[in-house]
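As written, the chains take the letters A, B, C and D, and residue 1 is the first residue of each chain.
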Amino acid sequence: MTVKTWMYSVLEAVQWEMRDDPAMTWIFELTPPVASNPDMPVINLETEFGKKRVVNTGIDENWMCSAVLGAGLAGSRAATYVPYQGAGMPFQVIQNHAGKLRHMTGGRASMPVVFVIEMTGQTPGFAGQHSDYEVDSAYMHIAGVRTVVPSTPYDAKGLMHAALRSPDPVVYLYPAGLRMLFEEVPDEPYEVPLDKAAVRQEGSDITLVGSGAGMPDVLGAAEILGADGMSVEVIDLRALKEMDTETLVGSVGKTGRLLAVDQSYYTLGPAAEVVARCAENVDGARFRRIAFPDAPPPASPEMFNWMRPNADGIADAARKMV
Amino acid sequence: MSNDMTPDTERQRGGMSRRGFLQIATLAGAAAGFTGTLARSENEIGYYAMDLSDDTLRHMLRTILRIRWHERTMADKMLSDPSYRAYNHFYAGQEAVATGVCAALRNDGPFDQIDLVYSTHRPTGHAIAKGVDMAKMQAEFDFRATGLNNGYAAEMHISDPDVGFIGADGMIGPGHVIATGSAFAFRARGSDQVSVVFGGDGTYATPHFHSALNNARLLDLPFIYVLENNLYHQYAHYSHSCPHADIADAARAYGIPARVVDGQDVFQVYNAAKEAVDRARAGGGPSFIEAKTYRYYNHWGAPGAEVGKLGAFGYDPLAISSFRPERELRSWMQRDPVDIARATLIDWGVMDETTADTMETDVRAEVDAAFAWAAEQPLCTPEDGLKHVFAEGVVAPRQMA
Amino acid sequence: MTVKTWMYSVLEAVQWEMRDDPAMTWIFELTPPVASNPDMPVINLETEFGKKRVVNTGIDENWMCSAVLGAGLAGSRAATYVPYQGAGMPFQVIQNHAGKLRHMTGGRASMPVVFVIEMTGQTPGFAGQHSDYEVDSAYMHIAGVRTVVPSTPYDAKGLMHAALRSPDPVVYLYPAGLRMLFEEVPDEPYEVPLDKAAVRQEGSDITLVGSGAGMPDVLGAAEILGADGMSVEVIDLRALKEMDTETLVGSVGKTGRLLAVDQSYYTLGPAAEVVARCAENVDGARFRRIAFPDAPPPASPEMFNWMRPNADGIADAARKMV
Amino acid sequence: MSNDMTPDTERQRGGMSRRGFLQIATLAGAAAGFTGTLARSENEIGYYAMDLSDDTLRHMLRTILRIRWHERTMADKMLSDPSYRAYNHFYAGQEAVATGVCAALRNDGPFDQIDLVYSTHRPTGHAIAKGVDMAKMQAEFDFRATGLNNGYAAEMHISDPDVGFIGADGMIGPGHVIATGSAFAFRARGSDQVSVVFGGDGTYATPHFHSALNNARLLDLPFIYVLENNLYHQYAHYSHSCPHADIADAARAYGIPARVVDGQDVFQVYNAAKEAVDRARAGGGPSFIEAKTYRYYNHWGAPGAEVGKLGAFGYDPLAISSFRPERELRSWMQRDPVDIARATLIDWGVMDETTADTMETDVRAEVDAAFAWAAEQPLCTPEDGLKHVFAEGVVAPRQMA
């Protein structure tokens, strides 16, 4: 157990799996797989495993994901880290190939592969094109891939181990804004399941649900509301696909109120599915969402910061429901 | 093929002299007989086919015949048996390409030692040449529970990793890039396996063409791109989407060794494939083979075809100006891959007319048996559609309350 | 007013607009823009407008959509018809360019363009990869494009006129399975608004909501239920983005019961948004969805037909709610 | 530049003799002075620059200076003014490319007659050269409500259709393909406009590279691809993603006329651009220009730079092996585009040292005024973020209950 940054925790998991399996490969484009942490050895996958296994490529994210898929089909575990600017590029190959091949071949295709897809949208000044939160829905809707999004260094490491060990293709969304979070993280390998939400805080008045980069504000809102005396249950989705309906429905069944939060666009963001599943299963509860408006994020910090759901806005919305 | 027959007694070994002489004679004959067709050869390729054992040579003809009779039986079924449910994209006319390439590959053994083949929306020939079981494949085409892929795949998605047939891929483009990923894995794990992708002239225009070739070159991957240039994609001549007469020139621009071969001559195809495979296994990186060929049926299904007759004529549903003229098809059929392979082997003294006829009779019986077996197989269980989404478990039914 | 097929009705709209605007272009790949109809002249855009304006391309759907976008930015109206096999290929350029450019440039980019995207999934035998219903969610979630999906020849024509005249980029989903539907369709140009749902049938016991290729079965279910004596309100979404919340909420407010139907995958299909919007706005109603399971469509007709929501299944689900 | 100055009186007309002679002398001088750099020229291009009016020539130098001082002022602001909010990708070192290309384009007039430019994540130089208002652009960089794009765009997304600057595009690849679409529209409507895209060496590896060039060739589009090869994309040398020494060779493979030019010499760039524009307007189809150049700052922002000094040195954050050596940068800075343009014009007698100095002083004052104006502009109104999603109306706020 050592205090580690998110970045270090994730690469520690990758390093462990690559040491364990000499066939495993890693493809990157911009961000060399290097991380350092106080009191810990520097991790540099490229120098440790060599350029045959750890490859830096040209700007072709569709090749990166397709190559990883082909490596998996050839029997090698493989992963790639797609920078956020390229997040939409491999959509087709993940949707129509990675997600379908197992079923389409009657179970004969094997794809032990991980697509790490960076997400941003948190940076005022980086406008429109340089925001890609919306890909969460794209990768969550399709069949045959497991899509997860961690929000803590601990989960980031455990989900990475689980993703790399999974026989299924995994889209591992990587919220770049959380990269410098740190906390106590075990040094040994461990898995966080790919299909379980985490109840971050128990409560009885209302259920708040968020995921990934939205969690800090959701937890911030819970703190504000707790100080007001409200008993808030906080759920971190972690798994977008398969979504953990049981935990969600159980919680809303108890609190009778659901406020689902997205940093992504309102229409068909993950929160739409959260609300829909709970509404189907809990009659008579109250349901609300807040999210980024259905507008690309503008560059101006004044506009952008106002449009982002934040702790105060979430707390406010919760108060109106109770 | 006008050369005299070689007496059986004279063709025991794979030595240079006789076959070396004969192949030149054969090519000369072909050129004389079929001037004006588009098929061309590059004579500087080593003539490796002459060194193959007679068994292997006979196996190549047999493979061509198996593909051909599977095709013809499918066409006849489609045209005559209303209960026949399978659809398909015909490969007839192109048999020598799949056969020649796969003859140069490692097709059995453990999965981590065999060569992999990525196929297309027109996969039957590649599958048979790679060693897929014909009866199981046919059952799959007919959506049967005991088919090669248990009824999930059907024609455009068949797959059989046991023989290194990664499978059909109905999309144009992505498969080529994915195939480079297998080659990447081979190189990373120090294996001498080779990753082969088949693709049509239609693949040239896809953005994936650049990705596959550029990365294969940059990383020196054991990757072979076999481009079957049958002149058309769907209803368009390839000159509509490609500025090159030889698509191989596009590969050469990346510094990838490329060959243009007569795709109707299985031995020429083999020679180019063998060279490419040797290069890849030795760490020499990717190769590109453009096989000039032609398909005897239309893009999809059997419109324009007649029961018992090879090929489909006079079908131009959309009155497309760039659609293939019937005379072009008839001209290509003069250089049939079955005839060329058969005549060459007889000419080489590997077999005679009688053994060749017997082989064809055997193959027809095998094909009929495969269709008969397939037609008796059980249909699928509806609920099984919820399986195989993930490696474990089933997904929930959602179509009902 | 003439009885016309869907195909003919759509091309009639395109022909009218191309005659009206000599700069307008059309890019196609497989399906030549040709349609015939009894008693009507054959429409052939390529021969009528020439190969400079009507272009057949190689297999590169990303180019097709990007080219249309570039034409729009240069001030020409332009449209392209993407075959269903390529439906996922242009995702990135529509998501990150077409959808964002207007906002990102402070309103200065003009994009009077239409992306016609074919949808299939209806054909038993065409497995996995050859089904693309799931792209509706991908194109509905993103900002800055209007996404519509007609279900009748009348709407198909009116929405095409509206799409071609719209200054906004429009994703016009084209359910190939409905191509041979026919009905009386006006010969003159007319618009169907890009942001209004259609109430196909009024009723008070339950609201059924569907879209596109799902509508025939939704209407079939309403017929079955009507014969049973149930009063069913049927809504055809038509506009996925912007979704017509008012019509939906008004109806569910009245009936108190919502059954939303998708032919696409359950998770985050358009029905998730329908349920979420109604659940946020109508307290105490009952909500259910039925959809294709979260599995790629298998080839076998036996498996496939069982997995597809059909009129009986929809009627059954509705009965359980009332 | 060692040639004697030409007296003003001797350089009145754009005739062949004197300038023709001088340019050869200039190039010879350049070659002698800067052997060992990567920049190269193809001397067989017509020397169109000699025919330009003195006003135009002076305007070219002025444009280079305006870009340069805008760059340096940004760098100084970033390094010294904590209240300065803008980020940016520096273009310094590459000024001659944008300037030379845009000097060959039609930059004003009605929108349906001007040429269009598609830019990159490094747009400042292209924007200034195309005629974008510097003060408004700077206000945009600083997220101001009265900026070029009202604060929505910031640096990587600026756009000004009024001068045919379609705009920056922060993604690598798509812009090239989109730009061919504009060329397609021009051809369809019978316009003689030209669509130009700028791109870095990083664009070569994208799948879009193939799509843009192949379709431009097949459809003979009035499209010019200007590839600024500054040797690096982010922290990688271009040889990591491209097998060609000259990326222009890749374009030639499609049958597209391509030129490699010294990107530090604005007149060479102009000559190639003029040839390409003439070809496009005459219906001759696409062209490709590879300008060998270098950037003086790092990929993004001003790390390694010092206030008042040109260029950023010794910054290698990730200890990447293929990152550029400081001596390479210093060597390229010996062939500065400002110096080359200035010395050439003085050598040609278009101006003298004094007028050149005055021009630079004027430009610095203009740049300072632009920054000062920008810094006074109002900030944006939060609610305006809901506008401009569609042509009409606003979208609903969703971040609040």
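The working rule: a residue touches a chain if its C-beta (ideal position, glycine included) is under 8 Å from a C-beta of that chain, and two chains touch if they have at least 3 such contacts.
Since this is a predicted model, take the numbers as computed values, not measurements.
A.B. asks: From the centre of subunit A, which other chain's Cα mean sits the farthest off?
C.D. replies: If we average the C-alpha coordinates per chain, B ends up farthest from subunit A.
A.B. asks: Using mean C-alpha positions as chain centres, tell me how far subunit B is from subunit C in Å, no decimals.
C.D. replies: That pair's centroid distance is 38 Å.
A.B. asks: What whole-Å value do you get for the distance between subunit B and subunit D if each is reduced to the mean of its CA atoms?
C.D. replies: 49
A.B. asks: Taking each chain's centre as the mean position of its Cα atoms, how many Å separate subunit A from subunit C?
C.D. replies: 30
A.B. asks: Averaging only over C-alpha atoms, locate the centres of subunit C and subunit D and give their separation in whole Å.
C.D. replies: The separation of the two C-alpha centroids amounts to 42 Å.
A.B. asks: Residue numbers in subunit C touching 2 or more other chains?
C.D. replies: 57-58, 60, 62-63, 92, 96-97, 101, 103-104, 127-129, 143-144, 242, 288-289, 294-296, 298-299
A.B. asks: At least two partner chains per residue is the criterion; list those residues in subunit B.
C.D. replies: In subunit B, the residues touching two or more other chains are 151-153, 157, 169, 171, 205, 207-208, 211, 214, 218, 240-242, 389, 395.
A.B. asks: Using the definition of touching given at the top, classify the network of chains in this structure as line, ring, star, complete or other.
C.D. replies: Drawn as a graph, the chains make a fully connected set, so complete.
A.B. asks: Where on subunit A does subunit B make contact in their complex?
C.D. replies: 22-23, 25, 52-53, 55, 57-58, 60, 62-63, 66-76, 78, 92-93, 96-97, 101-110, 143-144, 146, 166-168, 242
A.B. asks: Mind pulling up the subunit D residues that touch subunit A in the complex?
C.D. replies: Listed in rising order, the residues of subunit D that touch subunit A are 85-87, 143, 145, 151-154, 156-157, 169-173, 202-207, 233-236, 240-242, 318, 320, 379-386, 389, 395-401.
A.B. asks: Taking the touch rule as given, give the residues of subunit B at its contact with subunit A in the complex, in rising order.
C.D. replies: 111-112, 116, 147-153, 157-161, 166-167, 169, 171, 174, 177-189, 193, 195, 207-208, 211-212, 214-215, 218-219, 387-392, 395
A.B. asks: Which part of subunit D faces subunit B closely enough to touch in the complex?
C.D. replies: 205, 207-211, 214, 217-218, 240-243, 249-250, 253-255
A.B. asks: Write out the stretch or stretches of subunit A touching subunit D in their complex.
C.D. replies: 30, 32, 34, 56-60, 62-63, 85, 125-130, 266, 288-310, 313, 316-317, 320-321
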